[in-house]
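By written order: A, B, C and D. Residues from 1 in each chain.
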Amino acid sequence: MSNEKTLGEVLRQQGVTRRGFLKFCAATASMMALPPSMVPRIAAALEKARRPSVIWLSFQECTGCTESLTRSHSPTIEGLIFNTISLDYHHTLQAASGTHAELAREKAMQENFGNYILVVDGSIPTANPGYSTIAGISNLDMLQDTAKGAAAIVSVGTCAAYGGIPHASPDPTGAVAVTDIIKDKPIINVPGCPPIGVVITGVLSHYLTFGAIPELDALGRPLAFYGKSIHDRCYRRPFYDKGQFAETFDDEGAKLGWCLYKLGCKGPTTYNACATTKWNEGTSFPIESGHPCLGCSEPDFWDGGGFYKAISMPTGDITRTAVYAIGAGAAAGVALGAVNRARKKRAEKAHEKVTINDLEKDG
Amino acid sequence: MSASFERGINAFKEQMDAPVAAFFSSCVRCGLCAEACLFYTETGDPKFTPINKLEPMRRVWKQEYSFWGKLTGALGLSKPVTDAELTEWETLVYDSCTLCGRCSMVCPVGNDIAYMIRKMREGMAASGHAPEGLIGATQRAVTIGSPMGVKLPALQAQIRHAEKDLGFSIPVDVEGVDYMLLLSSMEIMNFPEFISAVARIFRHAGVSWTISSEAFEATNSGIQIGVSEIAAELVERIVAAAAKLKVKYVISPECGHAYMAIRWEGPNLIGRRYDFKVVHILELLDELRASGRLQTSGKETQRLTYHDPCQISRRGGVVQQPRNLMNQIAADFVEMPETGTMNWCCGAGGGVSSNERADEIRLKVFNRKKKQLDVIHPDAIVSACSNCRIHLEDGLEEYEMDIPVLSLTETIAEHLVDREQKEGQQP
Amino acid sequence: MTEITNDRELHAALNGLGAVQQRLLAAGFVKSVLHLCTDERIARVLETAADPEASDAALAEALKTARATTFDCHTRCGSEGDWLEQAGYFVARAAVAALTPLGQMPGGIAWQAAMSARMAQTSKSIVTGDNTAGLESENQYRLLAGFLNS
Amino acid sequence: MTETELLMWARGPALQVATVIFLLGVLVRILEILVLGRKASLAEARGSAVAGGLRTIVTRSIPDRGTLQRSTFNIVAGYIFHTGFFVVLFLFAPHILVFQDVLGFSWPSIPTQIIDATTIVTIIALLAVLAHRVRHRVMRFLSRFEDYLVWFVTILPLITGYFAFHRIGLTPPTLIAVHIISVELLMVVFPFTKLMHAFTLFMARYYNGAIAGYRGVNS
């Protein structure tokens, strides 16, 4: 694919009007929590941006991230923007296969060395490189090799960002995140299982607009999308504050749309844009559909003690432990009490009668 | 044999029981008990904080009776109590605690601190840390029969004197009567009017009573110094006399700790129940009043207040009776602020008055009583304990307050309706 | 010729008297047992009490001294009692009664002085062992009768 | 250790251990007291010991007027922090969920805004209590290391809880883990310190009231 044309040219070729373009820029700005004054700058930058080469590597993954991306809002401005990059390598989407496919990757790497964007989905097995290979190349080797010439890396999905489900206990493959392997490149984590399509494109837009990676949180996520917790933006939040909770999935509270905290919602500890951006063309998001947030954009969300148990809940069976402890405590208490009684009895036995002649010490 | 540190520690161990353990376990060191103790409020010295007075005993409890204490003890992390510490605590346990139990009413977790001080004194006495004055009183109580050395001839002289004044005889060693009256040495020595007053009231009310020549002393130095065996011996004398005279009741006189000793501690000291009942003189008087057998005429017009002796009201439960009696004979009976079971101690109970070393502090802390009196300005104070009376007089003198102190029983006797009149009224 | 033969008459007669008269009589009661008190202060205050012309200020001062004396010689609870000292205490107490302003002593000032004087005598008799019960009261009856008849 | 591992440790093994130490310790302490026993009084009763004991358990929560006047600050601050602590502990929805998990039953929660405000007030009251302890001559005199330790482990869950609720400083799972660990610290320290008063005060009040009630006194 050619990457000679600017984004503006491509968009016009595709019949996108100036107005539609600006609308997209405004939407992007708002999504990234940028002030409206930034819209012209985004427009100008995108207008001039050259279609960058993008190499997409899929490791231990389920293709859910790609599904999210491709099935989102089609045909939409995100779809167009997708067309505006030069996706030079992507297992699922590229036409080429086998040797040709790998050649495409190598070619893109050579031609755009130092400038291409590397997108990774899926985690990297480290227990044994043979657990996941592409064209005989281990994921680890391929990642290290491809990362060398990348301008920036975008870890799409929780697996690439934090190890995700392959990393979940007992983690047979020794799955790790991109950040565990690559230390010398700017890396943007776009976690989620899957991430929201619009967020993926939004991150790319930002990079195209500003030529730099966006501001990230401590977990490497763009603050623009991951700056607020689901809980903070959740439309059911007032129920939480008022103490109105659904106790089961079919009780009155659930029907009335009360807070799902007691059903294990991870909203309070999950940072993502679901509650505002929503899914399926802004239709809804899991909580809106009556299901608690799983916390999929957080590290180790699979090992958080169960999807239907609140994050503050004991993981084990405390009741049983308590019963044993009470039993043992009762036995120990009675035993120690008996020792004390015996001690008192001994003291009583050792008592020597105090008479009026015993009230002063000798000497 | 003599007192020894080991015997003292052993006594501490003997004294531990569930209440003590619960109390020590519960203390959060909030310091509220300090504000309930006149020895703290009037000196401002935190060492007088009631719970601090128990510190050596608390450590013995912790080290001997709690698993955590035993564990730290085994690891050499806890410091055993020393004899020097007991010496240091001697003044806190005997000189600056009257066992008044006001702290026990205030403690938010419910610690009965006075209950524990009483127990702690067992160990202090056994370890030779009792004050000289109390040792002397205890020795006299056992050998002579009175802590003040009052012998039978002295009582007999007072009785003769009273009989002459009264014009009728006072029953001594009369078998088969209902009541046996006990007296405190203080009454025999300092307030012999009490004997006449009781005699007049009982004659008026038709109470059949007697005084025992073998056990007339009500006080019990044993419970003050903290030696249960001695206390028991003194109680046994009364029990024997009561049995000999076959009385139904034994009357505890106007004395605080005597009531505690004979009414509440007595049966537990001797390890068996009595065959008779113990009543406080005020209980009996109120009963006579209620049943109409005690009739008074006229009321004191002076502004009178009633000082609750701690062992009679807060620790003894005779709270309402004196008030009924006061209302019977006083037109202007006014309560001190914080009265009844919350009354402030005069500062000399619990053996403090027998202990010369405590003279200075007991007068100093009387200031608390002064503050109470300053609020109501009574013309006279009525009380029901010779020791309270003497100390109130002492304290009032010290603070240059001109308020007479009266005995409730004696004041009632002043208001008795004439016997002839009373008989005339009866149908 | 008035005669006083018992306490009831004594009490009634005493309380029928005025302040000065009561004080003078009370001083007489104290005087007859004064030898039982070793504290010189009591003898001094007694002079004031026996002075019909004594000023209120002098009386108040004397009362203060008498009171202080009682506190110095009473027997504390639990301390070893000495009946001779105790006799002195009752003399002092009688002096206090004598000097107390009328109406501030329940039972009357002369009456209380009489009672305390008797107790002083009884205290002494406890030591000496002689049966003096009643002697002091007879003496008081005579004193009062003499006073009333003079 | 990742933050999730820390959280899982706090919710899992650490909680198990803390529960065992807490319950075992508390039970031993209580039984050590009870088994020691006390002699029944042989004196004739004037009132009911049982009624007096039960009565004092309740009435001792209300200070007498004189004490309230003399120790107003101590009592008011004490009341606020105790009440606040219990409100936050027992009426915050996530806490109730934990109790429900262990006990099998639950009760209604109160709005989080109230919990939030209560937490602040409780923290302030605890700070005031500490200042009072350091400055008041009696409390300073009586205080030992244990008193400061107990204060620390009491205020810690409130502070960590506040931080966790508002997600201040660290990532939420870490904050929650720290909060849970601070509670576990409180549980572990509990049986070895005066924190035991939360249980033994009922015994102490009962005995106090029973001793007095037997004599016909309302203590």
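Criterion: a contact is a pair of C-beta atoms (placed from the backbone, for glycine too) under 8 Å apart; a residue touches a chain by one contact, two chains touch by 3 or more.
For clarity, every value in this text was computed on a predicted model and none was experimentally measured.
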Which other chains touch chain A while also touching chain C?
B
Determine the chain that sits nearest the middle of the structure, using the mean of its CA atoms as its centre.
D
Inter-centroid spacing, chain D versus chain B (mean Cα positions, whole Å)
38
Could you grab the centroid distance between chain A and chain D? Build each centroid from C-alpha atoms only and quote it in angstrom.
39
So what's the Cα centroid distance for chain A and chain B, whole Å?
76
Between the Cα centroids of chain B and chain C the separation in whole angstrom comes to 30
Scan chain B for residues touching two or more other chains and write them down.
16, 65, 67
If I count partner chains per residue in chain A, which residues reach a count of at least 2?
336, 340, 344
Which residues does chain D have that touch at least 2 chains other than itself?
28-29, 32-37
Please list, in label order, each pair of chains that touches.
A-B, A-D, B-C, B-D
Within their complex, chain D touches chain B through residues 28-29, 32-39, 41-44, 46-47, 56-57, 60-61, 63-67, 70-71, 74-75, 78, 136-144, 147, 191-192, 194, 196-197, 200-201, 203-209, 211-212, 215-219
Seen from chain D, its contact residues with chain A in the complex are 2-5, 7-8, 11-13, 15-16, 19-20, 22-37, 93-95, 97-98, 101-104, 108-113, 167, 171-173, 176, 179-180
Would you pull the chain B residues touching chain C in the complex into a rising list?
133-134, 136-137, 140, 146-150, 153-154, 157-158, 160-161, 163-167, 184-186, 189-190, 192-193, 219, 221, 224, 300, 302, 348, 351, 353-356, 379-380, 386-387, 390, 393-394, 397, 404, 406, 411, 414
In the complex, chain A residues that touch chain B
336, 340, 343-344, 346-348, 350-362
Taking the complex as given, what residues does chain B use to touch chain D?
16-19, 21-23, 25-32, 34-36, 40-41, 44, 46-47, 49, 51-52, 65-68, 104-112, 115, 263-268, 271-274, 277-278, 313-317, 319, 337-338, 341-342
